[in-house]
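Chains: A, B and C, in written order; residue numbering restarts at 1 for each.
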Amino acid sequence: MGTQTPNGFKLDDSGKRIVVDPLTRVEGHLRVEVNLDSNNVIRNAVSSGTMWRGIETILRGRDPRDAWAFTGRICGVCTGTHALTSVRAVENALGITIPDNANSIRNIMQLCLQVHDHIVHFYHLHALDWVDMISALNADPKATSALAQSISSWPLSSPGYFKHLQIRLTKFMESGQLGPFRNGYWGHPAYKLPPEANLMAVAHYLEALDFQKDVVKIHAVYGGKNPHPNWLVGGVACAINVDGTGAVGAVNMERLNLVSSIIDRSIEFVEQVYLPDVVAISSFYKDWLYGGGLSGKSVMSYGDIPENANDYSAKSLKLPHGVILNGNLREVLPIDHGDPEQIQEFVGHSWYKYPDETRGLHPWDGVTEPNFQLGPKVKGTRTNIKELDEGGKYSWIKTPRWRGNAVEVGPLARCIVGYAQGKAEFKEPADQLLKTVDLPFAALFSTLGRTAARALECQWAAHQMRYFQHKLMAQIKAGDTATANVDRWKPESWPKQAKGYGFTEAPRGALAHWIKIKEAKIDNYQCVVPTTWNGSPRDPNGNIGAFEASLMDTPMADPEKPLEILRTIHSFDPCLACATHVMGPDGQELATVKVR
Amino acid sequence: METFYGVIRRQGITRRSFHKFCSLTAMSLGLSPLAASDIANALETKPRVPVIWMHGLECTCCSESFIRSAHPLVKDVVLSMISLDYDDPIMAAAGHQAEAILEETRTKYKGQYVLAVEGNPPVNEGGMFCIVGGKPFVEKLTAMAEDAMAIIAWGTCASWGCVQAAKPNPTRATPIDKVITNKTIIKVPGCPPIAEVMTALLTFITTFGKLPELDRQGRPKMFYSQRIHDKCYRRPHFDAGQFVEEWDDESARKGYCLYKMGCKGPTTYNACSAVRWNGGVSFPIQSGHGCLGCSEDGFWDKCSVYDRLSAIKQFGVEKNADQVGMAAAGAVGLAIAAHAALTAAKRLSRKPVRPAQEE
Amino acid sequence: MQDKSPRALAAAVAPNAVSTGRSVERDVVYVYEAPVRLWHWINAAAILVLALTGYFIGTGIPTMPGQASDNFLFGYIRFAHFSAGYVLTLGFLLRMYWAFIGNPAAKQIFYVPLWRKSYWGGIWHEIRWYALIAAKPKERVGHNPLAQLTMFFMFTLTISSMIVTGVALYAQGAGNDSWQYELFGWAFSIWPNSQDVHTWHHLGLWVIVTFALVHIYTAVREDIVSRQSIISSMISGQREFRD
């Protein structure tokens, strides 16, 4: 029994079916179903995005200068990255250039998001897949202190500190009200950390919770608030005035110092807490190297963080650009977002309708018409689904492919592309980490590798923030304080018709928006986002996406408690509101719900 | 062990007012006065207030904002002040273990838990634009609302509809007060609401033992009774008539008023200009961009972010009040000119008329 | 109003004013009582101030040089708007009071007698008159039927809604515990986003501007063409029939 997918996975749905819904600790709503063989090893995996909002249809007919505000609201977790992609798409379409300072400030904001998002993802969305909180109660505070001090010079590491935390934790647990930790899979055999490592990790869970709120103050300085800072087509809205009348109402020395101090603290936290924790955890999970999925085969990174304003060529981008197919690390293929043959979206297994569903459409010509149809083998009813039928339509996520290939995107993909290109800033830290925990290069293609690549990237991003902050200061010192270009602000200065695209590397992976503008209004708008790539259902050729591929062949210790599934899916940092924002014209009125 | 009662006693709340809170709660649930003492007993001996935080169609910005709270720190809120028993983006449990918590809470803490809702239910396609546990989100939402002590609508999605409800609202995303019609809902709008406003509201309820006073729109008066404009530090420039005319101009660098750049501060009720964001670091206007009006009903559909006047979309045209008005006045002006010319022409061609005298 | 002899009607509305001594060749009727005339001109002045300042409030003014503390121009513009608004509101209230105690002409702008057959006949005649079909105008003591319709919808109703929305918007600054909010805060229940109230208030401005154009044109035109005094009537109170 079983079928072979073109991208090299053997699927067998004959065994016992396990359903995880809601799959929590992700942004939005996700459902995963797997089939296990008699040894409880996953032989078939189905991931389904279970929400749909429709920002793109809502955007039609609106002012392109407003698009960032709408698309920014696609996601409040990777907040700002959609907005940045949007202003880039509009600028690309209308031929608007931005000043150098705006480029630096945008880069700082985007990198700030990377740092913040990676920290929050690791500690608050992912750590509990590796860390057993209850076990922390049995730790010896002295031994915990010794462990902490052996791996890092972080000052919050005294026996008293851990003792106090343990008392508070014990009191909390004894209250019987475990709050968000209720019904967790505590004591699960797949947890491998000793109690001391668990206690240290819980301490850092709470410290990270305190610290993450400070990281985003950078967004507040340049964008006014976080979540959802403000952006501007043509530059940034925050004017610079360091030495003149009214400087207190602009980006001034005090603001710049605030940003600099947060950057310093971020570097400190990442290097003294986050990275050591990842190394420590990795060393205990060295023999749990499942979850590689597509990462060893096909990965993609658009690239981001342009060194030079308005130059989005691979040369200018500091995050790597390119595609690797079929594990061939010797060849990195270039991406052209405007080429209709490269990026295409399919809907064969998605709840949408195309005239011809065997073919994909380039986003500029994208069609998004909802079509909520369940496959014939579905168990349950339309509004009470027990088990999905992956032979039919089964997800609100579309199916993007690069030249027909399913690819993985995200920090691991970026790391691999950078590594394959021989870029020292990606290769050396990865080699160093592998050496430290004594694992071969192939170990990178795993759930653990994904988690480690994210940590390494976080460190890189924190340092890049400092680089661009210095660049900004140097520019101001040289007398350039321009932050916005208003030459083509007014719609009268625009061509009658225009189209363009913008791309970024969101914390979760490659993100791009495509826009068509007609008579100063948005004519068509399409977004293809990281979780659409990673969480996509099968394409008409039967290729499975990154989520599904990553779950294959993973053994489960206890099918009732799907910790392994959570661990691997979380390593992608899924963002479902992003993945399922796409939308077409009005759906059919099928409401059964009464509304006042 | 830290009970809800212990927490509020520590905050200096007397036993008497605590009991008053319990009886008010009982009343709001339609329970008998006898039940009040039961609730009091339950809260004294048992729990911190259980909070069920549900997510519909949203972007999770409200949760992200919540964890930004500087005072109190969110770890203290979660560990000592409330019992956040269900919140899908952060909870450890998943799948049926997570779903079980909802039923447990409903039966075990009937009438004693707070239901916080982020996002809203779509009601098209039988609610299947947002599926949780194989079922429409709206079903779970209304079920959990039945036995809640209080319901909080976090953010503009739950309060007004927000971005997915912007025209043409393809999924028919619906604010929660349109599907939960038999209960008071505390609306805390904003995209997202300010972190400290969110935690202040929760701690207000646990500290003072009562629900906040609400305005006409159901928003807590303490944070939503004045406009951004009323407490904006750039207000003197507004009164002086000093405006930013275009981005990055001299006025922008001096921090002048953003009125002409489409700032919606004058029509937006929120605490941004007073409480500010991210521990008081800034707020949109301070960082040079006008207010989007994100805590207002239907703000997405009023006009462009950068327009001063609302767009009027009737008969397929989209113009603001001035354009519509000038067009109307202009047309009438032309008609008058034409009429005057005709009148003059007629008078020249004929003798003066005499008014008709009837008798 | 109705098809009666002006003299007979004049006797009905203001018997004292019909003076045979004043004019021998011309007929004169006392139509607009002093409070009505006074109100008319104060109201007109208030509207002029409100329209100009209102327009500037909506669009902003060119940026003033110097320190914020040295300028208060926008503040003064808004002050003028609010003051004129109060003058207009108070005037309108007194005018409503006068409608009860004044002569029939003082009541005209507050109702439209759609139930009267003769009124419809009057409308038909006025349409023909303004379409330059009817050869002769009818003599009217107060407003002609078409004018009454226009007055009621374009002026009375519009001004009423301007007062409601204006006071509601004033309450935004005065606060939610002000009497203004108590009185007209319900506008924000109809339009929860106060930006909509601004929009309606702003559209009202243009209705008034359009009304003013029509009002002034017809007054001047009828003064000339119908050979009845119109403009001077609002000063002297007397309507003169020149033929």
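We adopt the following convention: a residue touches a chain if its C-beta (ideal position, glycine included) is under 8 Å from a C-beta of that chain, and two chains touch if they have at least 3 such contacts.
Quantities reported herein were computed from a predicted structural model and do not represent experimental measurements.
The central chain of the assembly on a C-alpha centroid basis is B. Across all inter-chain contacts, the pair with the most C-beta pairs is A-B. The centroid of the Cα atoms in chain A and the matching centroid in chain C are 63 Å apart.
The centroid of the Cα atoms in chain B and the matching centroid in chain C are 40 Å apart. Centre-to-centre separation of chain A and chain B, using mean CA positions: 28 Å.
For chain B, the set of residues touching two or more other chains reads 256. In chain C, there is no position where the chain touches two or more neighbouring chains simultaneously.
With touch defined as above, chain A holds no residue shared between interfaces to two or more other chains.
Residues of chain B touching chain A in their complex: 1-3, 47-48, 50, 55, 57-65, 67-70, 73-75, 78-80, 82-85, 87-95, 97-101, 121-139, 162-164, 166-174, 177-179, 181, 191-192, 195, 234, 246-248, 252-256, 272, 277-279, 281-289, 292, 294, 300, 304-306. Within the complex, the chain B residues that touch chain C are 160, 215-217, 221, 225-227, 230, 236-243, 245, 251, 256, 259-260, 264, 266-267, 269, 293, 296-299, 302-303, 308-310, 312, 321-322, 324-326, 328-329, 332-333, 336, 339-340, 342-343, 346-347, 352-359. Across the complex, chain A meets chain B through its residues 19-29, 31, 50-55, 57-58, 62-63, 65-66, 69-70, 73-77, 79, 120, 124-125, 128, 133, 168, 171-172, 174-185, 206, 209-210, 212-214, 216-217, 219-230, 232, 234-241, 244-250, 258, 370, 372, 380, 382-386, 396, 481-484, 486, 489, 561-562, 566, 577, 583-596.
Listed in rising order, the residues of chain C touching chain B in the complex are 3, 5, 55, 58-64, 68-75, 77-78, 130, 132, 135-139, 172-173, 175-176, 185-186, 188-189, 192-196, 198-199, 202-203, 205-207, 209-210, 213-214, 217, 221, 225-228, 241, 243.
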